[in-house]
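Order of writing sets the chain letters: A, B, C and D. Residues in each chain are counted from 1.
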Amino acid sequence: MLKRIFAAALALAIPFTPVQAQEKVLKAVMHADVRVIDPMWTTQTIANIHGMLVYDTLFGNDAQMKPQPQMVGKYDISPDKLTYTFTLRDGLKFGDGTPVTTKDVIASLKRWGRKDGVGIRLMSFVDKLEAVDDKTFRMVLTKPYGMVLESLGKTNSSVAVIMREKEAMTDPQQQVKESIGSGPFNFAKDQWVPGSKAVYVKNPHYVPRPGNEPPSSFAGTKFAGVDRIELQWISDPQTAMSALINGEIDFFEAPSIDFLPILEKAKGVKLMKTGTLDSTHGMIRLNHLHPPFDNPKARQAMYHLINQEDFLRAIVGNPAYYRVCHGLITCGSPLANDGGSAMLKDYNPKKALQLLKEAGYKGEPITILQATDHVTITPATQVLIQAMREAGINVDAQAMDWGSVVSRRAKKDPPAQGGWNIFVTTTGGVGSANPVLHTWIGAACGKGLFGWPCDAKIEELRNAFAFAQSDEERKKIATELQTRAIEQVVYIPFGQWTVPLAYRADRIEGIVPNTGLAVLWNIKKK
Amino acid sequence: MTAITDDLVLPPRRFSLWTAIRRNPTIAFGGVLLLALIAVAVVGPSFVGDPFKLSPVNRLRPPSERWWFGTDQFGRDVFTRTVYGARVSLFVGLSVAAFSSLLGLALGLLCGYFRRVDAIVMRVMDGLMAIPSILLAIALITLTRPGLGIVIVAIVIPEVPRIVRVVRAVVLSIRSQPYIESAIAGGTKNAKLLLRHVLPNALAPLIVQSTYVCASAMLIEAGLSFLGAGVPPEVPSWGNIIAQGRTFFQIAPWTILIPGTFLAITVLAVNLLGDGLRDRLDPRLARRL
Amino acid sequence: MTAYIVRRLFATLPVMAVVAIFVFFLIRFAPGDPAAIIAGEDATAEAIAQVRAKLGLDRPFMEQFVIWILQMMQGDLGVSIFSNLPVSRLIVQRLEPTVALTLSTLFVAVALAIPIGVLAAWKARKLVDRLVMGFAVLGFAMPVFVLAYILIYFFAVQWQLLPVQGYRPIAEGLWPFVESLILPSVALGVTYMALIARITRASMLEVLAQDYIRTANAKGLATDRVLLLHALKNAAVPIVTVIGIGIALLISGVVITETVFNIPGLGRLTVDAVLKRDYPVVQGLILVFAAAKVLVNLIIDISYAFLDPRIRY
Amino acid sequence: MNAAAGNILEVRDLQTQFNTLDGVVRAVDGVSFDLTRGETLGIVGESGCGKSVTALSILRLIPPETGRITAGSIRFEGEELTTLGEEAMKRLRGHRISMIFQEPMTSLNPVLTVGTQIAENVVRHLDVSWRAARERAREMLDLVRIADARRRLDEYPHQLSGGMRQRVMIAMALSCDPQVLIADEPTTALDVTIQAQILQLMLELKEKTGTAIVLITHDLGVVAETTERVVVMYAGRKVEEAPVEALFAEPLHPYTRGLMRAIPRLDIEADAAGRRPRLQEIPGLVPRLTQPIVGCAFAPRCGFATERCRTAPPPLVDAGSGHTVACWEVDRVRASAL
């Protein structure tokens, strides 16, 4: 009887056995789930990864952070550095087959220029953005702003991706409904299961840069190496690791550092370090709008609570992968300096409470947005709460998932009315290496990022940096800026770390060690 | 609680502990186990250290003489947290049992008395019962910020209908007794009369039911914490210890297995107690389940 | 019979109405302004007001309710706040894994638990019975997630026999499909099995003491016929009742199991939606789950008629 | 009472015991009797005297968790049943030895149709198809005079009256033409009029099929009307055995006498005032069977009891013409008035 059932089951199984073997599928688990498909609307890194698969950018920054043309074929900068003339490469098409024109480009840049901090800044110097013809357009500046190409090529925060004019006309405060770009892959929206997977299929209309330029970060020739990419979402890093070891996935962007020894031993699995700049920075953001942290003294008091090693050990553990960094600009990057760093080195919890009291703190509850589901932010927040409680500060920890933190941190209301005092987040080392791209260092008051630090001097310095003409001058401004920003406490850094990515070396090859984003083009299946 | 059950359980002859245990081994076993755990929950915390004490240097240490149950990913002592966790789990379990019994009793009596109330309340109960309890609980928790009190309320609400049904069934069956019917028809103070007959009859199934509610509440609490919708993550509940340890299960299985075992033992103790009480107090129910 | 089924179908309406009202109020009492969440990270007050108007949240309460009920009746469950996709689409695309997991667990658990329960009742007080009861009591106390991790550790990580996570649709082949469901089904099914085995044993014990079983034995019938036909059919009504009650348990368990095994089903959607305060999705899911449960109860009620000829309509 | 070739069933020194929380119950304590082919044997006694246990012991239906046959022999057609394998025993039950029980209301399976319950017996024991077995079931229903048998086959027990159910039980028991039918209080639960019908039916069927019947009852009236020979049991022991006429003509055991006084008798004429002798109860209670009984079990309730009765168990003695009795004081009893 059993035999018969078994035979019947087998017979049933045969017609189902794999028929799709020819199609090359890359299965990857990234650090987050693709939930928003508009890389301009959100600053989430995962949306940028999505964006870089689907869209293309005018410029791409290479591994040395130098912008290289990507969609742009040739460009010209006038000697007075006020007029930029760009010509698109030949034959560029969107995923739906329609050609990319300067209409699309200008609409996209305008949308980005109304949403992204760096974009807003750039646009503030733009006098005219006009099409010459379908392929050529011109950007005329009011001042010789030095960061035009870097801004166009940056891939952190909101990215200046080029979308169809139709979508680019969408209000920047609203998400686009379709995600169609001129990148190597098309987004298969019908197969998108938010919370589980996002599917990308090879874009037949994609035109790679000619000449087979060696890929370097976001520059060089990129192509679709597989027919299909599935970004699966596995929230538990341990499960994702096991899935990689078991061969259920090919690529795992963010393994947990605790598991690296297991991964190192696993058959077929390799780890890849992606460079010094490609690091994550921890930061504690204080809300400058509400007491007690509307007072710089109170903010500075918080420095004495932070022992970076405590945070880094809790998050990372293995010192091989972390680095204490008493600065706001990525340690190890060209502009790193020790301006103001003395303030960050004085760990002394008693002094912290003392200073807080001097600043007028009388034991009111301090509201911390406590993410419960984030690999690094959760433990970091935990360490912070613990440190504050031990120092005798009244902490009101509001536990919620990271997504809720993201929406709540945007509220400017007082903490008691749904606002907040402190949240913990991380930022990328690529952005933080450049004072202009490093939006968290800004202090643009209400227009800036959550926490809304407000300091004209900082903004002036960032401006000046953008117009600096020599590396020496840049370094000098960066030092001054960092000193001022630390004084103002735009945020409290708690170190930087780099997690290698893990992949099945026996199955895939051709990973481009991108800095900042793990981008999956050029990967081939063995 | 033990005092009440003793009254009910033991025959009115001379009390002999040994006979009582022999006759009701499950009650005795479950009861002793539960008492031991309650003792741990009540006095345990004063003998152990600080459950919040972080020690990043000592993260994920395996069980040893220094850390009996090992440490978690923040270097906190799992033993200490497990002891504190007993307090949270039992507190949740017992309070849910108590609140849902009281609420269920009150609603059940009301339903049994007043036909109009019955129609409305039972429809609401049916509706509540149609929603899976964990789903209902997390939905309720999302309405407000997570906290122990909210978790208890959120677990109580889905459990109440079960109790209401039990109590209501008892009231209705007693109500249909001829002597009660005639007494009501005769206009005697029916409330008093009914109460005098209902309470003793409802007590046995109520106690039995509430032990099951207690057990299921502890499991739901752990499940909620596991899903990140339970008591705030810094509270050392067993569910939270497990939820935070799960990411490290392969390299630090003790962070899941030890609190998990404690949770299982506690639920087991309460279930055994419930089974024993059911066999003892409510043979009719005993035959059914 | 048909009349009875129709009558019972109508009787489910008030239950669903209660659920619908509950669900409607859920979003209205929710903390935080859903419109603000929808509008995005740094939306202006006007943008929020716009969204609110779009969602109809600025209209009178009763009007909102009527509109909402009408939409619901057309199968329109609203739009997810986070992914901007229709809730009904999110639910439909997540349906298969959950249904597959629930049904496979149901079948496996029932197929194993009933024989185990029968065996225990037949060998009452013998070693087999003690083992079964021990398993039942333990299985009942075991948190699903702890068991799930133990299973993963051994079967997937240590011995690499089964996948660690994920769900493979049946379209990808029968074996991958089955393979992906084994561990989740076991983890999810143990409590359920314990419940069914217990009730089967208890119910069988009661039935085995009945006169008609003695009659059956006096006829010299084979043991399996006595146990599986004469006794089990009589013991079936409480067993089926518990199977029905247990489905509620399964649904709750699905939420956790899908999280552990990373199965893209309704359970994970629920957790995600709840944690993200994606109220329209939560609303839709509660309705769907409640409807499923009501449907199960209906099926159970109707099945009584087939199991016991004494039950009349 | 020699072990003649005509004996189909021979029970010797049967002992059946039960383990209870209060100790070992000796429900049957050394009972012997024979059954000849085609005979109707009555076993009488108060409830708890061990008569039903004797019947269940013959079919080995004592629940194994609590009770077992501890000694003695049961021979059916020369075959020893106490040591027979379970499977062979099953082949015997319902086929060559059938049994019907006291409670027709609960002895039929409520969720199976009448037809199925009869037919399964036939299918089990005779090598026939289900279709043929069903036909046989219909015949049997006709035989037990259930009208519209074909329709009844598809009905469930709850759709039948008590009398009908007992008829179904009889039909089921006789469906494989058994050599022995054990009827345990088959009419007790029925109305008086139905009782008579059922007994009548059983006798008729016996005539037709030649089945020997062991009729277990507490009702001496039933015994008188239907049986040929009677075994009287008390406290797990046989106290008297006699052909039915002999027993009623001259009961020799005080217990038998007590039983007879407890039934209304129509054959004794009323006196001039229209009075009949008063019904009498047997004083006292059946002894507890957990303690070993020293002497005669009936001694505590017996008007004839002497010291010897209380210390030594009376042996069964032949009182002539197949009449045996276990009583030390049989002569005094015989001498006394009924």
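Quick note on the criterion: a contact is a pair of C-beta atoms (placed from the backbone, for glycine too) under 8 Å apart; a residue touches a chain by one contact, two chains touch by 3 or more.
Worth saying up front: this structure is predicted, and the values here are computed from it rather than measured.
Undergrad: Please find which chain has its CA centre nearest to the centre of all protein CA atoms in view.
TA: Looking at where each chain's C-alpha mean falls, the closest to the middle is C.
Undergrad: Would you identify the chain whose Cα-based centre sits farthest away from the centre of chain A?
TA: D
Undergrad: What chain pair has the highest count of contacting C-beta pairs?
TA: Per-pair contact counts point to B-C as the maximum.
Undergrad: Between chain C and chain D, what is the gap in Å from one C-alpha centre to the other?
TA: Averaging C-alpha atoms per chain gives centres 54 Å apart.
Undergrad: Could you put a whole-Å number on the gap between the CA centroids of chain B and chain C?
TA: Taking the average C-alpha coordinate of chain B and of chain C, the gap between them is 22 Å.
Undergrad: What whole-Å value do you get for the distance between chain A and chain C if each is reduced to the mean of its CA atoms?
TA: That gives a centre separation of 39 Å.
Undergrad: So how far apart, in whole Å, are chain A and chain D when each is placed at the average of its C-alpha atoms?
TA: Here the centre of chain D sits 92 Å away from the centre of chain A.
Undergrad: Residue numbers in chain B touching 2 or more other chains?
TA: Counting only residues that touch two or more other chains, chain B contributes 145, 228, 246, 249-250.
Undergrad: Please output the residue numbers of chain A that touch at least 2 other chains, ranges allowed.
TA: Each of 236, 242, 373, 401 in chain A touches at least two other chains.
Undergrad: Got a list of which chains touch which?
TA: Result of the pairwise touch check is A-B, A-C, B-C, C-D.
Undergrad: Provide the residue numbers of chain A that touch chain C in the complex, in ascending order.
TA: 9, 12-13, 16-18, 35-36, 41-43, 173-175, 177, 192-197, 232, 234-236, 239-240, 242-243, 245-246, 248, 373, 400-401, 403-404, 406-408, 410-411, 418, 450
Undergrad: Mind pulling up the chain C residues that touch chain A in the complex?
TA: 31-32, 36-37, 39-44, 47, 80, 82-85, 90, 93-94, 152, 156-157, 160, 163-166, 170-175, 177, 259-262, 264, 268-269, 272, 275-277
Undergrad: What residues on chain B touch chain C, complex-wise?
TA: 123-124, 126-128, 130-136, 138-139, 141-145, 215, 219-220, 222-223, 226-229, 242, 246, 249-250, 253, 256-257, 260-261, 263-265, 267-268, 271-272, 275, 287-289
Undergrad: Please name which positions on chain C make contact with chain B in the complex.
TA: Interface residues on the chain C side: 14-19, 21-22, 26, 29-31, 137-138, 140-146, 149-150, 152-153, 157, 198-199, 202-203, 206, 238, 242, 248, 251-252, 255-256, 259-260, 270-271, 274-275, 277, 282, 285-286, 289-290, 293-294.
Undergrad: Give every residue of chain C touching chain D within the complex, in rising order.
TA: Spelled out, the residues of chain C in touch with chain D are 124-125, 210-212, 214-222, 225, 229-230, 233-234, 236, 307-310.
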